[in-house]
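What follows is a set of structures to go through.
Both complexes below contain chain A, partnered by chain B and then by chain C.
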Partner chain A sequence: MATNWIFQGRCWKFGDNIPTDALTPTHVMFKSPQEMAAFVLETLNPEFPKQVRPGDILVAGRNFGCSSGRALATKALKATGIGAVVAEQFSRTFYRNCLEIGLPLLEATGVHALVNDGDEVRVDIKAATLENLTTGKRLQGAPPSQFLLGMLQAGGLIPLLKSGSFPGSATR
Partner chain B sequence: MNMVEKILARKSGQKSVAPGDVVLTDIDLMLMHDLSANFVMKVFENEMEGASIADPSKLVFAFDHNFAPATRDAAEALAAVRRFAAKHNVKNLFDSGCGSIHHVVMEAGLVTPGMIVIGCDSHTPIYGALGAFSTGVGNNSMAALGFTQNKGWFKVPETVKIHFHGTPMTAVQPRDISQFLVGKLGEDGAIYKALEYAGPYIESLDVNDRALFPLQAIDVGGKCGFVNPDDKTLRHVRALFGNKPGTPQFELFQNDADCRYAEVVDIDVSRIEPQVACPPTVGNVHPIDVAVGTPINVAEAGGSTGGRLSDIRTLARCFANRRVHPGVRLQVVPASRDIYLAALKEGLFETLHVAGANIFPPSAGSNQAFNMGALAEDEVMISTQARNFPGRNGHPKARHFLASALTVAASALTGKITDPRTLR
Partner chain C sequence: MSQTIAEKILAAKAGLERVKPGQIVDAYPDLVMSHTATWRSVSVMKKIGAKRLYDPNRLAIVLDHISPAKTEKYAADQQTSRNFAREYGIEKFYDVDAGIAHLVLMEHGHVKPGDLIVGTDSHCTIYGALGALGSGIGYTEVASVWVTGKLWMKVPTTIKLTLNGRFAAGVSAKDLMLYLIGTLGADGCGYKSVEFYGSALPQMSVSERMTMANLAMEMGSKCVFIPPDEKTSEWLLPRLKDPASYQPVFADPEAVYEQSIDIDLAKLTPMIACPHQVENTKPVAEVMGTRIDQAFLGSCANGKYEDLVVAADILAGRKIDPRVRLIVTPGSKEIMLEAMRTGVLATLIESGALVTNPGCGACAGDGGTMADGEVSLSTANRNFVGRMGSNKSSIYLSSPATLAASALKGAIADPREFLR
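Right after this comes the complex of A and B.
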């Protein structure tokens, strides 16, 4: 994703405690991320996998991506073309997987009430801000640490390792 | 520092660490079940070109979702992992029928106190019951850092202490208490936190029952869970090597007396009734009353939070000279081959078979309905499994309740969700 930290698009809004089972159900598990993208969150909003466009923003409530820690869930979500994921709070395995595969994400308390499904929103990952362009409301989230931003900037853990800039990877 | 902080400091080569620090540590053991082994293997082969596995003896593959693959896709996935293990000299491959991954690993004596264990399975925190730091990581962490360097990156978590005291009521099992905690804290109640389970009640439990608590740490969002290791922990670990020469050397890391907590939660277990997690989530936990009378189609003792010998004994006691309610399929899934053998020798399976139950091979059972346990649209299951999210067991509208083995048994007897205190 190089240095593009700003995403603007349609907001797709989901609720609290959305499990990875809803992102990648068992029956799609051996498909490629591109194939799985057609099923992501379809049981919660059948329009989402059909109509999501590159750069759109997913906004969720608390504990997004709970249940299994499968990285497939983040890979399939990334394959839908979604630009960034914003939530009140993420499940820790989902949070870690997003960073490791290079899917930009932002935690921002109060975001769920700030947007409606279909609003036009702009997210700045580095500044940790979300702006609802439909309503003009704006919110400041929690900026990620330099270490985690670096992983995202490299495009994930593996590109970061290959670049030789993973902290401490050369020693110890 | 507490146990978790001491282990993270030691394994990252530092004198001390504090919550919020990001550390790169050595890893002692890396666990994958059949599904995650396949995913990690693909990342390793496709994205880490030319890399080699630093120490194959630290890798463990346990095929627990498939006890006998039912589809060509599943058969190919297992075959690919077997080929990968042979090629890279991974000796710890427990093939289909071995049981549920964490029970297999615990029984095999692969985890000793003081270790760092990572797993591509969100219930990996279980080894906190053995004095180890263990947590779930993603496929990329495992393939890129774990496989090639024996390393992992972690943010040092803040710790929440849960102090349990009191004596439980009759018919209340450890699963009721651990499930109550999930409901009390909420599914997002301890995100990124370490949970320490302490107090007289936890001290009174054997290690297998203590393990239920860190096993469910992820279900309140926790990074890891642990019991400050004590004499019971030591006796349990030593017993695992009882008949083998050379118990491995290990170091016990224990809490300092002045370690700090982000929060301390006090729970009087004597006030806790039998609990049930209702659909649609693991955190939707209530006293059994709210679900009593709900007709069921399937009852299961199995999965990482069930299928232990104690669970199968509970079932067999309930079904001595009694039959499973007509129209209910009672599924019994031992969590390991040793448990299977012990249950056979004790005659538990004969009792359950005569009662009308179906005995399944050691495995993860209906977890994710991969090899068994899919429900039709209007069906209802009650089980000792760890998860009940919609779509995880067949039709997204099917309903799955989670409870203790005793509540599962009582419900299979009557055909509807039943308060185990009413059993005669």
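Right after this comes the complex of A and C.
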């Protein structure tokens, strides 16, 4: 599958330690990802689920996606149309769950201070760069390993499993 | 030789001589736990067209969240999990009567030192209380491990925490962990393994160790280890089907740690996590007098027998404040039975508590839902907005002792005031 590694759109900025409870509150967990998308992060920014557009970029602080390891959180976030998620650091269950569904993500120290909510940003996942088009500032993040890029390229775990090619570690 | 426990276990499960931090390996877990989310993994298996399991003996299924079912949807999902377990001959299947998956699996001898265990729950770190590497994964990955037997794992760096001294009266493992989470931060151990050592450990019970390994998740830990000792074998050996399989894994003396931190337990005081972050911890003294509407004694962090005993010792012969709802949810059937036999349940009920069936209960939003503006004190491990109901309610987290004292006062209280 050809993969688009570059995303450009409005930056939606959130803080530190955003829990999966805020992405998918318990009361919406039995809805479809499309239905859940209407509730994603609404407690922190009610405009987000209403106004997010396909390809927009979510930028967060440290420990994004902490709390429950619920895989629904990434599914619901993907269903909002968000193109990529960039954070100072992700919680490990959230990180895994993003790869599992092929939602592009990037860790970049200093990203939180580099952007304001509403800025126009461009992210290159493969090159691990984030460019703030509004301010002209640019940042280099931690390049993901070939292995993890491969998982994103495949579109996540299910396509890989369907094709019988479970990701092998030796490729790192 | 200079390997940490995580490095040794991941190397062994990946069939490698040795591994180094940062390396990604294909590891074969000994056990894959799935709880109430099992039906989702079943549907993933259907989606990918897989029919065969890598090894049915490596699956463990426990229906612990929202149990028994409270809507037809939950009932149908549980039925899917149940039918799957029957169809595939899953022997380690535990239905809605059993309790919280983590506690049930340890009580039934399905967790042993050196094991690699993954599951659909972030608090899988708790298995480190017995020296096993436990880590949470999503339900799609669970289906993947069911079918392929393996998953990718990144070898973590390790932080060494050394505990010396003894807890003062009224202070416990929960206070220690809240202190650590507050000090190191919610991501203080992000992606990292944690190993506990120190002269305080031999005195700490397996129950306390479970609290520690469970709460360590809230500082981001990937996995946690309390190296097995006499307390571990005493607790675990009678529960193992094959006692010869008890083979502890220890770190090498020259193992490399990213960071070493020493803590004097004697200096700790009762701690509390304030709304709406677990890392927002304070000494209880700073929030004393805050009114509470509900107190929840339960969860995989503090719903164990010893936790119920601590609360019962404080509540015995006393009545809770009439404005407080005290909900007690024993962690497992075994715990509930023991508390029944020893009279602990009677003590709790006589003091004004409501006792529910074993399971995750209010911690997972099953009962005990909070209304707008209400305040809950809980012995669980999370206090994020909306976790226990209304987005306009707030949750404080504490030890069982602080919880019991606060239920008596109707407001957050220092347990040391009520010790006998």
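The rule is short, and it goes like this: the second predicted complex is superposed on the first by the 162 of 172 C-alpha atoms of A that agree within 3 Å, B and C clash if a C-alpha of one lies under 4 Å from a C-alpha of the other, contacts with A are read in each partner's own complex, and residues count from 1 in each chain.
Convention: a residue touches a chain if its C-beta (ideal position, glycine included) is under 8 Å from a C-beta of that chain, and two chains touch if they have at least 3 such contacts.
As the structure is a prediction and not an experimental result, all values here were calculated from the model.
After the alignment on chain A, I want to confirm one thing: do chain B and chain C clash, or do they fit together?
These partners clash in the superposed model.
Quick check on the superposed pair: does A:Ile158 touch chain B, chain C, both, or neither? Answer first, second, both or neither.
both
In the overlay, answer first, second, both or neither for which of chain B and chain C A:Ile6 touches.
neither
So which positions on chain A get touched by both chain B and chain C?
Correct list for chain A: 16-17, 19, 21-22, 25-26, 30, 43, 62-63, 66-71, 74, 89, 91-93, 96-97, 100-101, 145, 147, 156-158, 161, 167-169, 172.
Where on chain A does chain C make contact in their complex?
16-17, 19, 21-22, 25-27, 30, 43, 62-63, 66-71, 74, 89, 91-93, 96-97, 100-101, 145, 147, 156-158, 161-162, 166-170, 172
Flag every residue of chain C that touches chain A in the complex, lowest number first.
14, 23-26, 37, 40, 44, 47-50, 73, 120-122, 135-141, 143-144, 147-148, 150, 152, 185-187, 190-191, 220, 222, 277, 279, 364-365, 382, 384-387, 391
Show which residues of chain A lie in contact with chain B when the two form their complex.
Those residues of chain A that touch chain B are 16-17, 19, 21-22, 25-26, 29-30, 43, 62-63, 66-72, 74, 89-93, 96-97, 100-101, 145, 147, 156-158, 161, 167-169, 172.
Over in the complex, which chain B residues touch chain A? Could you list them?
12-13, 22, 24, 35-36, 39, 43, 47-48, 73-74, 77, 120-122, 136-141, 143-145, 149, 151, 187-188, 191-192, 218-219, 221-223, 281, 283, 368-370, 387, 389-392, 396
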